[in-house]
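To start, the structure itself, in structure tokens.
Labels run A, B and C following the written order; every chain starts at residue 1.
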Amino acid sequence: MFGLNQKDTRLFLIVAAMTLLAPFILNPFPEGTAMAQMFNAGYPDLMQRFVIFGILVIGFNILFGLTGYLSFGHAAFLGVGSYAAVWMFKLVGMNVVPAILLSMVVAGLFALLIGYVSLRRSGIYFSILTLAFAQMSYNLAYSVLGNPASNFNLTNGETGLQLLLDDPRVLGESVTADGSIPVTNFFGIAMRDSFNLEIGGWLFTFNAGYYLAGIIMLISFYISIRIFRSPFGMMLRAVKSNQQRMNYTGLSSRPYTLAAFVISGIYAGLAGGLLSSMDPLAGAERMHWTASGEIVIMAILGGVGTLIGPILGAGFNEYFKNILSKINDEVLHQWLSFMPDGLENAFVGVLHFFVGKGWHLSLGLLFMMVIIFLPGGLVEGGQRLARLFRRRRPSDDDSQKSAQSTPAE
Amino acid sequence: MGILEVKNVNKRFGGLQALGDVNLSVAENTVHAIIGPNGAGKSTLLNCLIGKLIPDTGSVLFDGESVLGRKPFEICQMGISRVFQTPEIFGELSVLENMMIPIFAKRDGAFRMQALSSTAGERDVLEQAEHMLESLNMADKRHMHSAAMSRGDKRRLEIGMCLSQNPRLLLLDEPTAGMARADTNNTIDLLKQIKDERDITIAIIEHDMHVVFSLAERITVLAQGSPLVEDTPEKIKGHPKVREAYLGETA
Amino acid sequence: MDAILLQILNGLDKGSAYALIALGLTLIFGTLGVVNFAHGALFMIGAFCAVTLQRILTLSTITIDETQKDFLGNPLKVKTPYVESWFGPETGAAIIDWSVPLAILFAIPVMLLIGYVMERGLIKHFYKRPHADQILVTFGLAIVLQEIIKAFYGANPIPTGAPAAFRGSFDFGSMFGFDPNTIIYPYWRMVYFAFAAVIIGGVFAFLRYTTFGMVVRAGMADRETVELLGINIDRRFTIMFGVAAAVAGLAGVMYAPINSPNYHMGMDFLVLSFVVVVVGGMGSLPGAVLAGFLLGILEAFASMNEIKAIFPGIDQIIIYLVAIIIILTRPRGLMGRPGVMEE
């Protein structure tokens, strides 16, 4: 279907179903219960982040997963995309389509520039070059191009770029009838519009912004599958595997890597544009190099070089962060109340460092564990579990014995 | 006039004269071996042929055109394929994919953006690749991870990848180095078969005399950076100068 | 003229920090071939060694002085640091005052130990893995280390003073015949520069004049041959990792009075230190030192008002610009050896 083979079609349909039904899946607990407060993730803001970061990491994976070039500066494209979209809202109008398109174009051009220079080197030098470029972009956005006093205030520095009442918005209105800033919309459907469905004790929220971003993510995912299965994708894997052989086969690796770099830059710009569409505010902190590091973390958590890995990684990272930061000492005491008091306090004292504001620590540890023990991320974890199950049923084993190279899924 | 003409090539590394006035002509459709003791300059010469090194003076012409200063992929597109000392294949890709890449490269040139078409839909390329694998007796390994194969099979695949582009000149750099006897013999048989079946020039740099004398039609002996003799294998065998170069005997 | 001299001086202290961190990074890269993203965290931990020692030294007993009353009329609680009660008030106060220099003694064993544990416990397992994995795991470690520090010391910078004797500034200008008060330079920054020079000199001397250092240098140049000679190069490289950690840590200890330690200072320095290493030439120790000072001074010059008037904000990006130009035009950096990390 859609030019995909059976296996990929099945994968795509599963992802599509999960994306469209996410408001149900992510809210398994009835509204108002303690479990819901802790584990439900079906509210618009978080769901939007799932899919938007999914897009970002899908794009990153086309570069890192296929070619092996580790960019430590991808957040720069996300940031550039966000700024471009906000400018579109300020100057042209509040429809998100032109804003998102501009984000992609600007980020793509920016990636072309940075990629053209950085890709002259490979390996660790490439990583450091992208890091240097990204940090330079951050500094530019944070202070140089963002001085509110100067005429050329592109980013509005520390405060971040935001919408104002006196923005021109030539194709729309500067101010709404009731005197406020208009909201972002998709041909009239406001991004923040939601429809609430109550069934019994459950509350499900269907948010317009989420569905727009979700559908764009599905398109992005579909394109990434096509790229993975195309001759171009095969060439990118050849770059990762053996550039020497590639060059002596009459292929020039540079245009391939540059194309992959620009594509992943466009994906990042798209994600940036979507972030601004959901919340029209762009700040420099989105471009800081630790934000680039987080993109890498998400990709690794999910499984680099696999199709589904980026989506899993982005979703897992956001969900994990969300839950951990909600757990505080009080919650811990509740959970551990079955223990004798002394033990309970000791446990809470230790766990305290890993939850709430300490979620960074847990994430860092988890990330290290994955790199050390599970370099293939969640996808590899899943495969290992599956293999474990299969070993329990030895009859299935014989047919699978030949060492087949299964292309990344 | 040979298909590959090396004229007056000199290369110095600091104080070391690695190549001194090398003249070499490889005739079309022959197997030409370049042998010589360690340090004779074989690798330096090879690197000059494939664009990795640029000689200080002299010229290297392939079919009348200079190869100097060209990038590896351009040299390959001129019709020169190279087999490395340790087999260079795409280890993370399957055998079939390994075979498809050179066929794509031959068809599409150095770069073509086909990001949305499906590899599985490229019937022609698939067929050619399958066909090539069959002629190498590797059809049963087509879905294998190529890094998991034996060294002999990797070498076989690498040679097949080069051949799939129908090169006019095949350069082999010690193709049997580090191989078991059986693998070496298989490789020799494969090269013999290629020589018989195709119009192709093969230049081979080799240490192993068994390989050289089973294949070569012409042999050039390099010593201390310069060609010592060039002749047929029969004449080279008993040549006093060659013995001197290898064994250090004074004639 | 005086402005130029001042900027060179201003560049020296930051340049010293860059040079020290880059030196350690290069030692690790040159010996073990590992790209250590956690090196900035070691610098940060060094700075927190100074904080920790200061806290330990000011641990106090609380006594109630009935003769004095506080403003509520309650008996005044008097804090007496243990050191003061042990060594007498004057010596004790002096010890507390000198806590930052004293922290050097405290930091050396701590940093050597941390370096040793890090290498044996983690890095060792990554020698055979791709560089990307090394970058990633050390990046993860950097996050973990900085979050641990944040958990114990909080997110705010902790002021850590230099000894009173070094708190003022030195009028450099009047010494050389310039107008008084045109070139003034804080004493502690001079100390920092001198300290950095001593450490750098020490590391070079250690590598140059000791048998141990000779073996390490030989191993950096040609590991296999040294191993064939029956020398256990691994163990020596592990020790060099500890030394590199100690260098970063000491750079951090002495930096504490210049910039109040905070948990993310390591990350802030890390990116620039990498840039320094690349500009200097991957694997070249003199290159790292040279590039550290050069970039530090360059940054100071770029932040002059005269320059900023022409190129606004140039001070924020100058180092990156220079680095990008150097990597593209001189891929081996200023003093890189051929064959290190090339394609």
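We take it that a contact is a pair of C-beta atoms (placed from the backbone, for glycine too) under 8 Å apart; a residue touches a chain by one contact, two chains touch by 3 or more.
Note that this is a predicted model, so its numbers are computed, not measured.
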Shared chain contacts [chain A and chain B, defined touch]: none
Per-chain CA centroid nearest to the all-protein CA mean: A
Euclidean distance of C-alpha centroids - chain A vs chain B, Å: 46
Distance between chain centroids, defined by C-alpha means - chain B, chain C (Å): 52
Distance between chain centroids, defined by C-alpha means - chain A, chain C (Å): 35
Touching residues on chain B, where the partner in the complex is chain A: 50, 71-73, 76-77, 81-82, 84, 88-94, 97, 100-102, 104-106, 108-122, 125, 143-146, 148, 158, 161, 165
Contact set on chain A toward chain C in their complex: 68, 70, 72, 117, 120-125, 127-129, 131-133, 135-136, 139-140, 142-145, 147, 150, 243, 289-290, 293, 296-297, 300, 353, 358, 360-361, 363-365, 367-368, 371-372, 375
Chain C residues within the chain A interface of the complex: 35, 122, 125, 130-133, 135-137, 139-141, 143-144, 147-148, 150-151, 267, 271, 274-275, 278, 282, 312-313, 316-317, 320-321, 323-324, 327-328, 331, 341, 343
Residues on chain A engaged by chain B in the complex (per definition of touch): 3, 5, 223, 226-227, 229-235, 237-238, 240-242, 244-252, 255-256, 259, 263, 402-405, 407
